[in-house]
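First the structure, in the form of C-alpha cells, and then the observations on it.
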Amino acid sequence: MSTDSLAPTAAPVGDSLGRDAWRRLSQNRAAMASLWLLGLMTLACFIGPWLTPWGLADVDWNAFDVGPTLEGGHWLGTDANGRDLLTRTLYGGQVSLSVALVATFVSLIIGVLYGAVSGYIGGRVDNLMMRFVDIMYSLPFMFLVILLMVVFGRNIFLIYAAIGAVEWLDMARIVRGQTLALKQREFVEAAHALGVKDGKIVTRHLIPNAIGPVIVYVTLTVPKVILLESFLSFLGLGVQEPLTSWGVLISEGADMMQTSPWMLLVPSVFLALTLFCLNFLGDGLRDALDPKTR
Amino acid sequence: MLSYTLKRLAQAIPTMLIVITIAFFLMRIAPGGPFDGERALPPEIEANLMAAYHLDEPLWQQYFRYLGNLVQGDFGPSFKYKDFTVTELIMQGFPVSLQIGGLAILLALAIGLPLGIIAALKRNTAVDYTVMGTALAGIAVPNFVVAPVLALVFGVLLGWLPAGGWNDGALPNLILPVIALSIQQIAYIARMMRASMIEVMGSHYIRTARAKGLTEAEVVWRHALRPALLPVTSYLGPAIAGIITGSVVIEQIFGIPGIGRYFVQGALNRDYTLVMGTVVFYGALIVLMNLIVDLIYSALDPQIRYDD
Amino acid sequence: MVSMDAFRPLALAGLMATTSLGLCLPAAGAQAATLQVGNGAEPSTLDPQKVSGNWESRITRQLFDRLVNYGPDGALVPGLAESWELSDDGRVITFRLREAQWSDGEPITADDAVFALQRLVTPATANHNANLYYPIVNARAINTGEAEPESLGVTALDSHTLEIRLSEPTAYFLQAMAMTEAAPLPRHLLTSDVEDWTRPGTLVASGPFVLADWKPQDKVEVERNPRYYAADEVALEGVDFHAIEDTSALMNRFRSGELDIAYGAVPSARFEWAQENLGESLRVGPLIGSYFYMLNLREGTPLSDERVREALNLALDREVITERLLGMGQTPSYWFVPRTIASPTSASLDFHDQDMDSRRARARELLDQAGYGPDRPLELELSYNTLEDHKKIAVAIAAMWRPLGVEIELVNREAAVHFAGLRQGDFEIARYGFVATVNDPYDFLNAYAAGGSAAASTGYADPEYDALVEASTHELDVDRRAALMTEAEQRLLEADVMLPIYDYVVVNLVSPDVKGWQPTTLDVHPLRYVSVDGDAP
C-alpha cells in the first residue's frame, strides 16, 4: 500500500519535470490561448506607448474628458486632464503587470516555503513561526509601508516589496494547513522511512501535492495586488503622476463612471482580461504540475 | 486539545505585547502628526495641544504610560474623536461591523461553497465555466465600484432599498452593504473550494473509496468534503477577522457606523490612541481566529495533531 | 465704525416678534419636520471650543448661540447680546445680554460668557483659534501659560453686562465673537463634577436646538429647544446631521430623498452632470477661500530668485483651470485675499489683464535672465495632498510650464505628510487652500506676517509687510484700513511669494422644499431660519 501510493505522488526528478509539465500545458488549448494573450498584452503595454500618437503626460488642450473617437487620435478617449487614455492605460499596464508579477512571485516563494517548513517541522517551531505570522497580520499595513518609505525613499520597487511583504501571509497559512494534513499521509511516511531528506520531502512531496490551492490563491492575489497598489498611490506611496497604473486609473474612473464611463471601462477591461487569462493559465498549470494525474 | 488551547491563549499575551510595541514605535516613525491639517496652527497653540495629549514627553515615557493604562483596560481618549474614548468607539462600532461582516461571511459561505463544489464536480462543463466566469468578474470589479453601483441602482434609480444609512440595523438597510461586502468573498471561496475539491477528488484515497463501491454522493459527502475544506478554512481565519472588523469603502458608501473606517482614518489622522486600539483589537481577533482555524483542522482531519 | 447701532432696530424687531405671540410663526403652512442633513465627516467633538472643522461648527452653532450670531445671509446679527457698544478709543466693547435661559432652565448670564472666554484661552483647552482672541488683554500670556485665566480682560459688570478690554483696537474682533468658540458656555454644568458634558442628556444648550442623540459615525440628532429665546421662530422640529463624507454617497442619498441638504456633495467630476440633472437643488456660491501654490522662498532653491517665481506666475493660465478643468464658477485669482470677504482689498498681480502669449513670452525672458534654458532646465518639485481635483490642477499646471523648459516632478502626499512637510518647510511648490475662519482679510494677511503659518513655512520675512498688517489690524476707519491692507497684499504679490490660482466656491445640494436656506460666503447656515415645505421627508 505504502510503496504503491508513493509512486504516483512523488514528482519526477530534474528537468523532465519542466519538460513534461510543458508538454501537458501545451496540449491545453485554453491555457495556451491565455498565455499568448497575456504575452500580447504585456508586449502591447511595453511597446504600444511608442505607437500611439500621444505621450504619457501630453495634454490635448482641446480634448478634456472626451469619449472614444477616431478623430483627434484618442481611440479610447481622454481623461479629465485631456490625456490620451489608451496611452495611459498601456503605461499603467507596465506598472500594474510588473507589480503583480513581482509581488505575487515574492508572496508565492516566501509564503509556500515558510508555510511548508512550518507545517512539516511542526511543534514548537511551527508555533513560533505561526505567531510571527500573527504579528505580521496585526501590524498596521499603512505604517509598515511608511516605514519602508522612510528607510528606502520614494521608489517603485518599494511598492513591490511592501505588497509582497503582506501578501505572503495568507499563502503561508494555506500551505501550512495543507502540509499539516499531507505530512500524515502514507507517502510522506514512506519517503521518510526510505531515508529521503527533509528538504526533499518538502520540495518533492509536500509542495507539489499542495499545488492546487496554491495556484488558485496566486491567481486571486494578482487582482488584489493590482488594486492594493492604487491604495498606496492614494497614500502618496505608490506611482506618482504623470505615471499611472491600472489600479489608479480604475479608481479615477470610478469617480467618473456616471459621466465618463470609458474612464472606468478601459482599464477595467484590461484588468479583467488579465485575470481571465491568468485563471485559465493557472488551471492548465495545475493540471500540468499535478503529480497525481500523471 | 484543551491544554493546547489554553497554551495558545497564554501565548497570546507575549504575541500581543510584541505587536503593541512594534506598532507603537512604527506609528511614531511616520512623518506627520495628529494636528497637521489644512489649517496650520500657530506654535503656541500647537504646544498647548501637544501638552494636552502628553505628546511633548519623551517617546519611551509615552510608551510606558500607554502600557500602564492598557493594563488597566484604558485605551485612552481618541485624539480625533475627542468626546469618546477609544474603547467606547470600538465597542459602539464593532457590533455593527460584526453584524454586516458576519452576515456577509455567512452569505459568502452559503453561496460560495456549493458553487465551488458544483463547479469542481462538473469540471470543464458549461456549468463550471459559467460559475467561474461570474466569480472572476466578481473578483475583477473592486468594491469601490460595486458598492456605489448597487446604491445607485437599487437605492436611487429603482428606489427599492435605502441608498444608505444604518437606521439601527433595520433589515432593508443591511441588504445592500452585506451583498456588496460578500460578492468578492463568494468569488474567493468558490474559486478556492473548486480548486481543492478537484485536488481531493483526484487523490488516491478517493479512488480507493470509489473502488469500495460507494456512490458518488457518498464519496463527496463522506470523504472528499472535509479535506477539501482545509484550504478554505486556512483562508477564512484571517479573512473573517478582516471582514467582521469592517470595510472602510462599504462603510463610507453606505453610511455604516462600523469600525472599518477607524483602521484607515485613524492612521490618516495620526490618531495614535485610536490606531493602537484598532491594532490591539484586530491583533487579538487574528490570534483568536487562527487558533480556531487550527482547532478546526483537527476536526476536518483527525490525523492533524499538535504536539503539546 | 464697528459700533453696531445699525443693528438695534433689527434686535428690537426680533424682540417684538417674540413677544407678539401667534403672529410670528414663520412660513405659515410649513409643516414641523425633521431636517435630514448630510453633514460630511463625523464631528470630532461637540465642545464648541474644541472643534476644528466646519462640519463640527455647523452643529455646535445650532446648539450654542454666540453674543453675536450669523444671520441667514451670513451677516452679523445680535445673538445672546441684544446690543453692544465700542468705546471711542476702540479698546472696550460692552455687550448687553438679553434675558435668556439654558435648556435646563438656568439663566444665561454675563458670567457664563466670562467663563467661556477664560476657558477659551486656557492652554489645557488647546483651542485651535485661540490666537484670534489674543487682542483681549492678557489673552496671549494666559494661552502660553504665563498668566492665570482669571487675569483675562473680560468682566461681568452685572448679570447681563459684559465688558471686554482689548490691548489695541482690533478691526476684526466682532467677527471673532461670532465664531462658535466664543459662545457662552453653561458654567454651572462645566464647573460641576459632570464628566463628558457634550453627551446627549448632559449637554445644556443655549441655541435654537438641543442635543437629542449622538451615534458616532452615524448621526447627531438635535431637536427644537423649547427654552430658546426665539423658540417660536424655529420652524423645524429637529435636525439629523448624518456623518457622510463620501461624495457619491452624499449624492445618492440626496437623490433617493433620504437627505434634504447635502453639504459638499458635488466634486468637479460630477458638477456638469449635477447641473443637468439636479439643477434646482444645486446651490453654488462663493466661499471666502483662496486656492494657491505656496512657494518656498528659502535660499538654495531656484524659487529664491524672484524672476523664477514671476515667470511661473505669468505662465499659469488660471482661466483654463477654472473654466475648462473645474467649471464650477470659481473666480480665477490674481490676488491672495478673496474678493468676497467682508471689507475686501483691491490688490492684484499687475499682469492680470495681459494676454497669455505676451505673458508666456515675458516668462521665457525672465527664465532666460535667471539662467535657465534648454540646456539648463528649471527642475522643481510640486507637491499636493491626495485629492482628485488637486491632482488634476497640478497635472495641468505642470503641462502649462513644460513649454518653458520647466520640468516639474509631481509629488502626491497623504494629507498629514503634506501638511507636516509644509510646517517644516520641506517642499518647493506646495498646493495650499486657505479658507477663512473669520470673515476678515486679517485672517489671510496674518499668515504671511512674522509668526504666521505661511511665513514660517515659506521663510517669507518682510518687516515692512508686518508693519502694514499690524497697522491695518488696529485701524478702525474702513477706507484707511482697506488702503493699508491693499498695500500689504500688493507687497506679497509684487514679490511673487505665492501663485494664486482661484477663489473657492462652495457647492451644496439643497432640496427645493427647504425654505430659508441661503448660500453664504462662510458656508454658515443658521437653521433657525429654515423650514421644510410639503410632506415631511
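As written, the chain order gives the labels A, B and C, with residue 1 at the start of each chain.
Following the convention adopted for this analysis, a contact is a pair of C-beta atoms (placed from the backbone, for glycine too) under 8 Å apart; a residue touches a chain by one contact, two chains touch by 3 or more.
These figures come from a predicted structure and were not determined experimentally.
S.K.: Look at the interfaces B-C and A-C and say which one is made up of more C-beta pairs in contact.
M.R.: B-C
S.K.: Can you tell me which chain is nearest the middle of the complex, judged by mean CA position?
M.R.: B
S.K.: Using Cα averages as centroids, what's the distance between chain A and chain B in whole Å?
M.R.: Each chain reduced to its C-alpha mean, chain A and chain B end up 21 Å apart.
S.K.: Averaging only over C-alpha atoms, locate the centres of chain B and chain C and give their separation in whole Å.
M.R.: 39
S.K.: Taking each chain's centre as the mean of its CA atoms, how far is chain A from chain C in angstrom?
M.R.: 47
S.K.: At which residue positions does chain A touch at least two other chains?
M.R.: As it turns out, chain A has residues touching two or more other chains at 258.
S.K.: What residues in chain B touch two or more of the other chains?
M.R.: 30-31, 148, 152, 268, in rising order.
S.K.: Would you mind listing the residues of chain C that make contact with two or more other chains?
M.R.: 248, 414, 417-418, in rising order.
S.K.: Which chain B residues qualify as touching chain A in the complex?
M.R.: Against chain A, chain B makes touches at 11, 15-16, 18-19, 22-23, 26-27, 29-31, 132-133, 136-137, 139-142, 144-145, 148-149, 152, 188, 191-192, 194-196, 198-199, 202-204, 227, 230-231, 233-235, 237-239, 241, 263-264, 267-268, 275, 278-279, 282-283, 286-287, 290, 293, 297, 301, 303-304, 306-307.
S.K.: What part of chain B is in contact with chain C in the complex they form?
M.R.: Within the complex, chain B touches chain C at residues 30-33, 36-45, 47-49, 51-52, 80-84, 88-89, 92-93, 148, 151-152, 155-156, 159, 162-166, 251-258, 261, 268-270.
S.K.: Going by the contact rule at the top, pick out the chain C residues touching chain B in the complex.
M.R.: Against chain B, the touching part of chain C is residues 42, 44-47, 50, 52, 123-128, 130-131, 140, 143-144, 196, 198-199, 215-218, 242-246, 248-249, 252-253, 255-256, 258, 414-423, 432-433, 435, 437, 447, 451-454, 456-457.
S.K.: Show which residues of chain A lie in contact with chain C when the two form their complex.
M.R.: 57-59, 61, 64, 80-81, 83, 154, 233-237, 240-242, 252, 255-256, 258-259
S.K.: Could you pull out which chain C residues touch chain A in their complex?
M.R.: Contact set of chain C toward chain A: 248, 267, 269-270, 272-273, 320, 324-325, 386, 388, 391-392, 394-396, 398-399, 402, 409-414, 417-418.
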